[in-house]
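Pasting a structure here, questions to come.
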């Protein structure tokens, strides 16, 4: 079972720049997470952008959709900032129906000891192998359909809209 | 969706005893892992034993089977040592057919920085929500049917037998 | 030997706010670090402010000096942001001569796995016990006299000025 | 100021062998700890053995003494298992008087998240730079003279004998 992982940035991959004191993007932690998890899955990793999801434009989202459309793998995991994850999921859900696409991310950067990243990453890879074609968000140990999910920004959790 | 987590010990929950220099069992890390993963799943945790799977007896395995039979939840995650995980899975698979049961564990204790535990735990909880009734092992990012899995002890990885 | 630890904030104690995605101050990690280091020193901890050293005012610095003057302990460790650590050290050095005062901090927050905080903290506590009265900065495994130190902001290291 | 670091093993450098489930020695973590601590000290590292201090023989201890005698650096840090650290310190203290020698170690392996190793290492390097010639143990944030120290094995702490 071939899996494509598309990296777009988000809190997941934020690191601490000790010269500026700011969080920034360096490279993705996805290969390290696969190694730590002792994964034996056949994955291809492609970094298509490295940005905060708050600054993601329509053009960026179209690029993500195109990458999914052109991917020869029909199991696609997208690492994505949580702030606009539901927007990208919606655009994907309205466009692509023949692939299983899961968006996931983290509320705390992977580089922090207290990150939810590795847990989310493990969950998302498992959902990817078992859910039927469709577009989903995987966060908080759960999966959500693209058309029934919102981020509750007051508590930092994802929940169904109805 | 109600989930039962049965804790049996294994590398997962080994800690370092600084007075003896030995690894030992203290309590389970499952609640901490759920918290770190920011899980919103409805889970009930029950510690039924705290042992190395190498020292697990037939009586221990029967106890695990009985706990699964009597569980009112039909989604059951079992944390288990990896050495005899396939044996317990086999006994469960031969006995229980109407519940989804996943066994998982870790090759490196959760208390180590380099543990695969959180990744495996996230994967197993996701498989639990999506796989049909049956008994499975979740390790290395994959799931395996109870009757088609072995631990390759030379490399510390799980693989299909055929 | 009685030791006073004055907490003023700085990168040391920055945490990640998962709702805003910003680094912020919550509480100090000093007690946790003493516990982790299995310290048996007699210390009194006092948090006098919780700020970035870039936003530290002259009034703040005077408050730090006063706290040191009024401290009954003559061994004082100050945790401090690195950006203006040398300025506070200079004011202390020009004012107080009968106590051993060490300023230390971190380039990476303690909450990150890759922090230099615990190393610096261990070093600073040791210098505090052995250096004669005076005001010093302890960073990068070394100690520096208050009147012969600068932060090289290009590389994030402390060095002697001459 | 030139510093020699002699590595002898001990809990400090124990790692987890995921194939056997045992703790073992692989390589030393000293270079990684210096990097993490952003150390700018001039150090030379030499691994002279990689053993538990419980299995350290008189011949091993003589080898350590000889390494110290022949070291051209007069500041020497020895990483050492805690169980017989005081014995090696005594032999060194009875033999060498013109160098500052500090023995340190850890109660919890550095590879564990909860290790005291980095704190002890930072402390020991600082004591090394400031204490007069003599042989000392640095543990629990303190330093002890070789002829006035014991390990309290009931609580895992070092203390003065009188």
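First chain written, first letter: the chains are A, B, C and D, and each begins at residue 1.
Keep this in mind: a residue touches a chain if its C-beta (ideal position, glycine included) is under 8 Å from a C-beta of that chain, and two chains touch if they have at least 3 such contacts.
All figures in this text were calculated on a predicted structure; none of them were measured in a lab.
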Contact steps required, at the very least, to link chain A with chain C come to 1
If I superpose chain B onto chain D using their CA atoms, what angle of rotation comes out, to the nearest 5 degrees?
180
So which chain is farthest from chain C, going by the mean of the CA atoms in each chain?
B
Per the C-alpha centroid definition, the whole-Å distance linking chain B and chain D comes out as 39
For the pair chain B and chain C, the C-alpha centroid-to-centroid distance in angstrom is 45
Please report how many Å separate the Cα centroid of chain A from that of chain B, as a whole number.
26
Among chain C residues, those touching two or more other chains are 107, 113-114, 156
In the complex, go through chain D and note every residue touching chain C.
33-34, 36-41, 107, 114-116, 118-127, 129-131, 138-143, 156-159
Could you pull out which chain A residues touch chain C in their complex?
11, 16, 18-19, 21, 23, 52, 83, 107-109, 111-114, 153-156
